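Below, subunit A partners subunit B and then partners subunit C, in two separate complexes.
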Partner chain A sequence: MKNLLNKLQGDRTIWMVTFFLSLISILAVYSAISTLAYKAHGNNLRFLIKHGLMIVAGFGLMYYVHRVQFKYFARLSLILIWVAAIMLVYALVFGHNLNDANRWIAIPLIGLTFQPSDFAKIVLVIYVARVLAQKRDQLHDFRNGVVPVLIPIVVICGLILPANFSTAAMLASITFLMMFLAGVPFKHMSKIFIAGFGLIVAIIVVGETTGFPTRYKTWKNRIINAMNDDSDGNYQTKLAKYAIHEGGIIPKGPGTGSSRNFLPHPYSDMIYPFIIEEYGSVLGGITLVLLYLILLFRTIKLSVNNPKMSAQLTALGLSFMLVIQAFINMAVAVSLFPTTGQPLPMVSMGGTSTLFTCLAIGIILSICRTKDETEEEHAASDQPNNQVMPA
Partner chain B sequence: MNLDGRRITIILIVCVIAIIFVIRLFFLQVVNSTWREQATALTEEEIPLYPPRGIIYDREGRMLVTNQTVYNLMVVPKKVQPFDTTSLCKLLRIQPSDITALFAKAKARGEYHRPQLLVEQITPADYAAISEQLYKFVGFYAESRTLRVYPQSVGALFLGDVGKISPSEYKANNYYTKLEYIGKSGIEKAYEEELRGVKGIKYAFRDNVGNIKDQEGDKEDKAAIPGIDLICTMDAELQKYGEKLMQNKRGCIVAIEPKTGEILAMVSAPTYDPNLLVGRVRGHNFNVLTNDPQKPLFNRATQAQYRPGSIFKLAQSLTALSVGAITPQTRIHCNRGIIGCHGSHSYDDLEMAIVHSCNPYFREVMHKVVEGNRDPKSRFRDARLGLEIWQEYIKRFGFGSDLHCDIPGVKTGNVPGVEFYDKWYGKEQWAFSTIYSLSIGEGEMLVTPLQMCNMACIIANRGWYVPPHTVKQIGIGGKPKDDFLVRYDLGIDTAHFTTVVNAMEKVLQPGGTAWRAAPKDIVVCGKTGTVQNAGGKEDHAVFICFAPKEDPKIAIAVYTENAGFGGTWSAPVATLLIEKYLNDSIAKSSESREKLILDANFLDR
Partner chain C sequence: MTDKDIHNNHINQPTSPSPSEPRKESGVADAPANLIHGKAWMIFAGLCVLAIAIIIKVFVIQLFPDESAQELAQSFTYKVNEIEPVRGQILSSDGSLLATSVPEYEIRWDAKADYDKEEYAAKIDSLTLSFSRLFGDRSPAEYRALFKKAHTEGNRYAEICDHVNYNDLQKVKDFPFIRKGQYKSGFVFVQKYVRDQPFGTLAARTIGMERAEHKVGIELAYDALLAGKKGKQLQEKIAGGVWKPMSNDYIEEPEPGADIITTIDIHLQDVAHTALKRQLEQHSAAWGCAVLMEVETGFVRAIANLSRNPDTGEYGERLNYAIHESVEPGSTMKLASLMACLDDGLIDLDDTVATGNGIAYFHNKPMKDSNWDKGGNGTITAEQVFEKSSNIGTAYLVKRSYEKSPQKFIDKLNSFGISQSLQIDLAGETAPLLYKSIKDKGWSGLSLTQLAIGYETQCTPLQTLAFYNAVANDGKMVRPQFVEEIRRNGITIEESEPIIIKKDFCKESTIDKCRKMMEGVMEEGGTADYVFRNSPYKVAGKTGTAWLNENGQYQNSRYRASFVGYFPADDPKYSCIVVVNDPRSGVYYGSAVAAPVFKELADKIFSTQMEFHEPVVQSDSLVIAQTRIPVSKSGSARELKTVYSALNIPMNIQSESDWISTSSSKDSVIVTARNIKEGMVPNVVGMGLQDALYLLENKGMKVKVYGYGTVKRQSIPAGANIRSNPYITIELL
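Coming up: the complex of A and B.
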C-alpha cells in the first residue's frame, strides 16, 4: 500500500478529491438502486458490480495516464480531433438512439457503449489549448490568431449539437473561457459572443419556422417547463425539490431515502437530490460543491507549475469542464436550470462516461505534477513560459 | 493585458455560483413552499382507507341497509404503456373513445399524473373476470368501494340515499375529498357523521407503473374506524304494508309511536325501490325519477304543505277550551248562512260538533277566541290581540316548526299571525271576519302530514309529544340523540283532551264520518278531513287517528291526494295499518276494506 502511494505522483489533494467522489458514488448508487423496483427485476447487484468495476478501471486508467507526459497528449490530439469528428458523424448516422437523444456508439466485443461527445470534449480541449498556445502572439489578429482556434470548436460543437444541445453549449462555453484565459482581446471575445448569441437566435428562428432540427421542440419544451412551475413535464424537478426538502440540514442517514422510489434516475441524473436526501444538505450537498471547487482551485494553483501554456490551458479547460458539468447537474436539481441530462462527474452511474472523467482527471494530474518532475521536459515542443499563469 | 485579473474574475464567478447554490439549497429546505405538497401528492401517496358505512336495522332487527363491495377501475394516464385497446374495451365494456376522452380531460385539467376514474362500480362478479387480465394493462388498476344495498326494498325516502359529493357539500365540509360519497337524504344524510365512520390513511408509494408498494414511510398508517350501526324507528313490515296500501295513489302516511315520537312508518306514494338508486344505474334512474310527473322523489310526508282541513278543528277545540272561550257544554247553532255544513244537526255541543265536523260551530269558536273584546274601541285592534293568543297556542302543537325532528328537508308549514295579515291586508285593515276561514283549517294555514301525525300524538298523550325521529338506537343497544329524550308539554289541561278524545272515538262509531273504517276489537280515535283543491280537482282525503284509546300505541296521519272524502279513502288505510301493527294480521272482517283500498287508483286524477 505504502509502495503504491509512493508511486502516486501528482497532487495528493486531487487524488483524495477523486477518491471521495467515487466513494460517495458507490454509496449513493448502492442505496439508490436497492429499491423494490430493481430488486424485483433481480439485477440491482449487477448494476452495482458493473459500476464498481467501471470505477476501478477508471482509477487504473487515471493512474496510467497521470504518469504520461502531457506532450504526448498534445501531439495525439492532432490526430484524435479527426477521430472524434469521424465518430461524431458516425454516431449521428448510425448511433444507438437512447432516450431520443445522446447518441451512443457500441464498442464491439466488450458490450459497452460510449458517447463520442464524451471523447470529443477532452480531445477538443487539448487541441484548442494547443492551438491557443501556438497562436498566443497573434491573438490580437482576428483572422490569423482567433479564426484557427474557432474552426475546430465550431466543427466539433456543430457535430454534437443535433444530438445533445447542452453538451455542445457547455463545450462552446469552456473553449470560450479558454480563449478568455489565453488572452484573446475583449473586442474579439465580444465578436465571438455576439456570433454565438446570433447562432442561438438563428436556431430559434429556423426551429420555429421549419421544425428543424427535430430535437428543437424538446429543447424548447424543457426551457418552457423550467419557467412554468405547474407543468406536467416539470414533474422530475418537483420530485428533486421534494427529495432535497426531505433531506433537511441534518442527515437522514444512508439507506433511508424514499425518493429513490419515484425519482427518475436516482443513480444518474438525479443523484444529487438523492444524496442530499440521505446525507443532508451540509454533509451531502455542500460537501459535493466543495469537492468540485477544491478540484478546480487546486488545478488553477498547480497548473502554473507546468511551464507549457498549452498544458496550463488544458488543465484549466478540463477542470472547468468537470466543474461546469457538475454545477449544471446541481442547478437542474435545485431548479435553477432547465433539465439537461448532464451527469454529475465521477458520482453518477454513467457507464463509460466515468472512464472519460477519469481520463480527464488523469490528464489534469499529469499536468499538475510537481515542478521537479516536469523539469526534464522543460525544453520540449512549446516555449517555456512561466508568465502565462502567475501563481 | 492583465491576465491575472482574468483569472481572478473567473475564480470570483465560480465562487458566486457556488454561493448561489448553497443559498438555493437552504431556500428549498427551509422556506415554506407549496410545491412540496404537490410533489408529495404525486409520489408519497396518502391512500384513504374507506371504512364500511354503518348498517341500518329496523326496530325488530331486520336489516334494511347494508354494504356491498364494488370496484372502481382507475387509470393514471401518464403511467399507461402501449396496450391493446380493443381487448381492454371489450373487457370493460366501454368504447375506445371513453378512454381518449378521459385522457384528454385529465390533460386539460393538468391531472395527467393523477389517478382518473375510468369505470365506476364494477360488481364483484364482473371484477373477477377483469382482475385476471388487468396486469396486461400497465397504469390501470382497481380500487374497491362499498355500495349501499337494501335487502327489504322499502322506505326509500325514510332511509335516504348516498351519492357522490356535490361541489357545495365539498366546500362546506373539509372531511371529504372530491371523489367521495355522502348521505344525500333521509337517515343517510341526518346520521352521515355516525354512519360514515372515520377514514384511515395508508401512506404508500406508487411505483412508476402505478402499483402500490408496501414501503415503510416515516408516517404511521391510520386504520379506518367503521361507521356506527343504527337501529331505526321503522317497522319494516308496517312500512311495507303502508307502501302496498298506497299503491296507485299519490299521498303519504306517517305513523308514530306517541309515547316515544318514534316514526314507525313514513310512506310517500308513489314510492320506488331504493335499490334503483345504487351503483351504475343510479344516474339513469335518478333522471327517470326526477322527471316522473308523480314526483316520487318528493317526500310528501315531510315536504308537502297542505291546508289542514277539518282535522284542524281538533287543535281549535283544545285552544278554545284552554283560553276559556268555550266549555265542552257550549252549544252553537249550525248557522249555514256564512259557511256551509253537511249532515243533519243544528245545535251541537263541542263533542258532537267534532263528530259532525260542524263548520259554523268552529267559526264561532274561533270568533270567541279572537274577538274577546280586549280593545273595546276597535274590532281591528281586538282581532290583532286575539290572533296573537291564538297563534301562540297553535304553535304549541308544533305547527310552523320543524318539530325538532331529525329528517332532512322538512318543511315547517305556515301559521299566519298578525305580521302575516298586516303584510297581506295592511295594518288594522283586517278583523275576524276577514280571516275566519282559518277556523275550519282552510285559508292561509299550511301544515305537513308529519305535523298532523304529531298532533294525533299530542292528543293520544293528552298534552305532550316527543319530537318525531327516525333513529332509535345509535349503535346497537345505544340511545337516540339527546333531543329525542325530551318531552314537549303543551301546557293544556289534560281534562280538555277528554272531550276531544271522546269525540274522536265517536267518529269511528256508527254515525261518525269514518265509522265504516272501524276495525273489530280495537278502539280507534280519529278525525276525517277533506282538503279542498283549487281548479275543480277532487279533494285530498285526510285522516288522523290513534289507537287504542287508552294507552295508545300508534298514531297515524294519512293523506290521499285527489281521492275525495277522508272517511272513505284515508281512514281505511289508517285502520288497516293499526290492525297490522297491533294484531300483526288483518281480520277477515277487514278484508273487503283492504281490497277496496288496494284496487283504488287515483294516479290519473
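Coming up: the complex of A and C.
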C-alpha cells in the first residue's frame, strides 16, 4: 500500500477529490438505481458492479495516464484528432439511436458503447492547446494565427452538434475560453463570438424552415419549457425541485430518497437533486460544489508549474470542461439553466463516460506533477519551434 | 477560507499586470503562464459566482417550496386508488357456478419503451411466429405489421392481443424477447375481469350478461348486489411503477359483491335445455321455451329459451321468451274460461253441450274443432269439452253462461289475476292483455267466444304457468322467483320466501273440478292420453295449439304448440310449461310437440328425487323371491365384505386375504383368497378397473386399458416377474 502511495505522483488533493467524487457516486448510484434494477428483474447488483468496475478501471487508467509525460499526448493528438473526427462521422451515420440522437458507438466484442464526443472533447482540448501554444506569436494575425485554431474546433463541434447540441456548445465555449487564455486579441474574440451567435441564428432559421437537424425540435422545446414555467415538459425540473426540498438541510440518510421512483434518471442527469435529497443541502449539495471548485483550484494553481504553455492550456481546458459540465448539470437541476443532458462528471452513472473523465483527470495530474520530474528536460521542453511537427 | 479569498490571493500574487502580447521566442515559460493564469483565475472567480448561485438556489428551493412541484411529485408518489371489489357469483340452487368473474388479459406494447433495439430486431421474427402459433388469429406477417405500425406511430400502448386467458398469458411471457422481462421488452399485460358462464348456454339468458352497456337477466336485476362497493385506499408508488398500499387500512373498505343463489337446478336445467333443443330441432321450430316451477314456492327450477339463429340454423339462448313474449294463449285459456263458468255456478262438469259435426258458426264466422274432418265430437259433457279441447264446446258453454252479461265473464277472468303482471325480479316482463270492460276498444259480438278459446287476449308463457300453478297450489297464486338466497362472504343476508300474489282465487270445489278436468286430459279420450300412458306418476295439464297471428292475420297451418300442467297430479310438486313456436315438421299439436319436453323433465325429477318413491317394504317374500345371490367383481376384501354385510348377504369364506375372488352360490357368496406375491404380476382377471389399476400400479407397472366393465384378459400372466416387463395391457369387457 505504502509502495503504491509512493508511486502515486501528482497532486494528492486532486487524487482525494476524485476519490471522494467516486465514493459519492457509488453510494448515490446504488440507492438511485433500485428502480432501474427492478425493471431488470431485481438485479440491483448488476448495475452497481458494472458501475463499480467502470470506476475501478477509470482509476487504473488514471494511474497509468498520470505517469505518462504530457508531450506524448500532445503528439498523439495530431493523429487522434482525425480518429475522433472519423468516429463522430461514423456515429452520426451508423451509431446507436437513443432518443433520436446518434451519439453512441458500440465497441465490438466487449459489449460496451461509448460516445465518440467524450473522446473528441479531450482530444480537441489537447490539440487546440498545442496549436495555440505553437501559434502564440501570431495570434494577433487572424488568418495565420486564429484560423488554424478555429478550423479543428469548427469541424469537431460541427460533427458533434447534430446529435448533441449542448456538448457541442459547451466544447465550443471551452475552446473559446482557451483562446482567451492564450491571448487571442479582443477584436478577434468578438469576431468569433459574433460568428458563433450568427451560427445559432442560422440553426434556428434552418430548423424552423426545414426541420433539420432532427434534434432541433427537442432543443427548441427545452428552451421554451425553461422559459414557460407551467409547461408540461418542465416537469423534470419540478420533480428535481421537489427532491431538493425533500432533502432539507440535515441528511435524510442514504437509501431513503423517494424521488428515485419518479425522478427521471436519478442515477445520471438528475443525480444532484437525488444526492441532496439523501444527504441534505449542506453535506450533499455544498460538498459536491466545493469538490469541483477544489479540483479547479488545484489545477490552476499547479499547472503553472508546468513550463509548457500547451500543457498549461490543456490542464486548464480540461479542468474547466469538467467543472463547467458539472455546474451546468447542477444549474439545470436547480432550474437555473434549461434542461440539457449533461451528466455530473465522475458522479453520474454513465458507463464509458466515467473512463473518459478519468482520462481527463489523469492528464491533468500528469501535467500538474511535471514540476518535480521534468527538471532535466526543462530547458529543452518549451521551445515550441523545436517540437511542433509541421502542421 | 472562502473561494473568494483564494481567488484574490492568487490574482494578486503571480500576475504581471502587463496586458502585452506573449513574448516572442521565450525560453522562460513563466511570463505567458502568468498571463494565462491571471485570466484563468478570472474564470475561476466567475465559476465561483455560479457555484454560489447554485447553492443559493438550492436553499431558496428548500425554503420556498414550489407548491405545484409538491403536488406533481405527490401525484407520482401517493394516490388514493379505487379498489375494485370482486363481483359476486351466480350459483345454481345446488351450488354449481353459473356465472363468475375470471381474469383475462390484454397484451399491449410500448413501442417507445427502453428495450434493446438489437434484441428486438433479432427476435421479432420468432416473436411474431410465436404469437401466430399460439393464437392462430393472425399470420406472423400480420403480427409483424402490427409491431411495425406501433413503432412508426410511436404508439406507447399498442394493442397486440385481447381476451387472452391466464394459461396463454403464461406462455406469452415465455416468448422470445418477452422472456427478457416484461418491462425490458416494453410489454404490458392489462388484467381485466370478464364474466364467464361455466355451463355455457344453460339458462344463459336468465342468468344474464354483464357488459357495461348491456345487462340482462339476473345480472341486471341484482346488479347492485353483485357489484359490491368500491373501496378507497391510499397507495404509494414503489419501484417499477407498482402501487403499494400505505397500510392495510382502507379509507373506505371495499365491499365484495354478494353471491346470488338462483332457484335454477342445473340438472333439471340441463334436461329442459336438451329436451327442448331436440324438440325444436326435430320440428324445425322458430323458438321455444320451457319453464319448470316448484308449485308451493314459485321457485323456477329450470328455464330454457331457445331460438334458431337464422344464419347458422343453430339453437341458442337469445331472448327470454318465457318472460317477454306475450302471445295469444289459445287452448290453454280454456281452463280459465271453464273455471269462470264453474265458479259462478253456471255450469257443472256433467252438463252436456252439442258440438255437432265439428264446425259451428258464430256471427257467420266458422269455428272448428280439431277433429272436424272426422265428424266432430257430437254431444259431450263439459269435462269432455276440456279433455278433448273442443273449441265449439267451450265457446257454447261460455256463450250459454255469459251471453246476456259478457262483462261478468270479463270481470271473472280479471278476478283470477291473469290480467296483471307477475312483477318478477327480472326485467322485461310484458304485461298481459285482457279486456277490462266490454266498452274496451276491439270488443265485438265475436269477442266473447273468441276470448273463451284463448284469442283476443295475450299473456306470456310464464303468466300462463303461474295461473296453472295456482290451480295446483290449491288456489294460491305465487310469484315466480329466480333467486333463492343472497349470500355475502358465505353468510346468508337474504332468503326468498314464497310470495302469494292472489289468495282467494276461486272456490275450493272449483279447484277440484278443474284438477279433475286436467287429469282427464291424460286419460283415455283426452288430447294427451298417449303421452304419459306408461309414466309411473300422474300428470294433470292442458295442451294448446294456437294459430299464429302475424300482422293481424291468422296464418294457415302455422301454429304455436304448448303444454302446461303439473305433477304428480295428486300432490302437485312441480308445474311446467313448454311452448314451441311455429313447428314446420307438419306435426303441431301441443301433445306431440311440447308435451315430450314436459315428460322428460318429469321423468328426470321422478327418477332422481327420493320423495316420489315409496320406501320398499322389507318383507320375507322379497328375499324368498330372490333365487340367486348377486354376483360381484373380484377385488378388495374389505370393501366387498362391507357391501355384503350391509346388504345382509351371507358369506361363505373359504380363505382369507386382502384381495378376494367371489362367486355366488344358491344361498351365499363364496369368498376365496387371491394371493398377491411381491415382485410378481398379480391376477386381476375378474376385478373392476379401480381395483385392477390400484393393484398393478402399486406394483410399479405401467398399465394400458381397453374397454369397460370387468377385466377379462391381462397381457402378462399372473406370477410372471414384474421386473422383466413392467408394461401390461388389460382388456375389460
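In this section, the second predicted complex is superposed on the first by the 372 of 391 C-alpha atoms of A that agree within 3 Å, B and C clash if a C-alpha of one lies under 4 Å from a C-alpha of the other, contacts with A are read in each partner's own complex, and residues count from 1 in each chain.
Here is the rule we go by: a residue touches a chain if its C-beta (ideal position, glycine included) is under 8 Å from a C-beta of that chain, and two chains touch if they have at least 3 such contacts.
All figures in this text were calculated on a predicted structure; none of them were measured in a lab.
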Combined model on subunit A where subunit B meets subunit C, clash or fit: clash
Subunit B versus subunit C as contact partner of A:327, first or second or both or neither: both
Contacts of A:193 with subunit B and subunit C, given as first, second, both or neither: neither
Subunit B versus subunit C as contact partner of A:308, first or second or both or neither: second
Which of subunit B and subunit C A:136 touches, first, second, both or neither: second
Per-residue contact with subunit A, leading partner among subunit C and subunit B: C
Footprint overlap on subunit A, where subunit B in one structure and subunit C in the other make contact: 37, 177, 180-181, 183, 230, 235, 238-239, 241-242, 244-245, 247-249, 258-259, 261-262, 276, 281, 285-286, 289, 293, 296-297, 300, 323, 327, 330-331, 334, 336
Residue numbers on subunit A that touch subunit B, as the complex places them: 36-37, 177, 180-181, 183, 185, 229-232, 235, 238-239, 241-242, 244-245, 247-249, 258-259, 261-262, 264, 276, 281, 285-286, 289, 293, 296-297, 300, 323, 327, 330-331, 334, 336, 388-390
List of subunit B residues in touch with subunit A within their complex: 1, 3-4, 6-7, 10-11, 14-15, 17-18, 20-22, 24-26, 28-29, 33, 35-36, 38-40, 42-44, 78, 110, 112-113, 205-208, 213, 215, 217-218
Touching residues on subunit A, where the partner in the complex is subunit C: 34-35, 37-41, 96-97, 136-137, 139-140, 177, 180-183, 230, 235, 238-239, 241-249, 258-262, 276, 281, 285-286, 289, 292-293, 296-297, 300-301, 303-304, 306-309, 312-313, 316, 320, 323-324, 327, 330-331, 334-336, 379, 382-383
Touching residues (chain side subunit C, partner subunit A) in the complex: 3, 6, 10, 14, 21-22, 24-27, 29, 32-37, 39-41, 43-44, 47-48, 50-51, 53-55, 57-59, 61-62, 65-66, 68-70, 72-73, 76-77, 117, 181, 183-184, 237-240
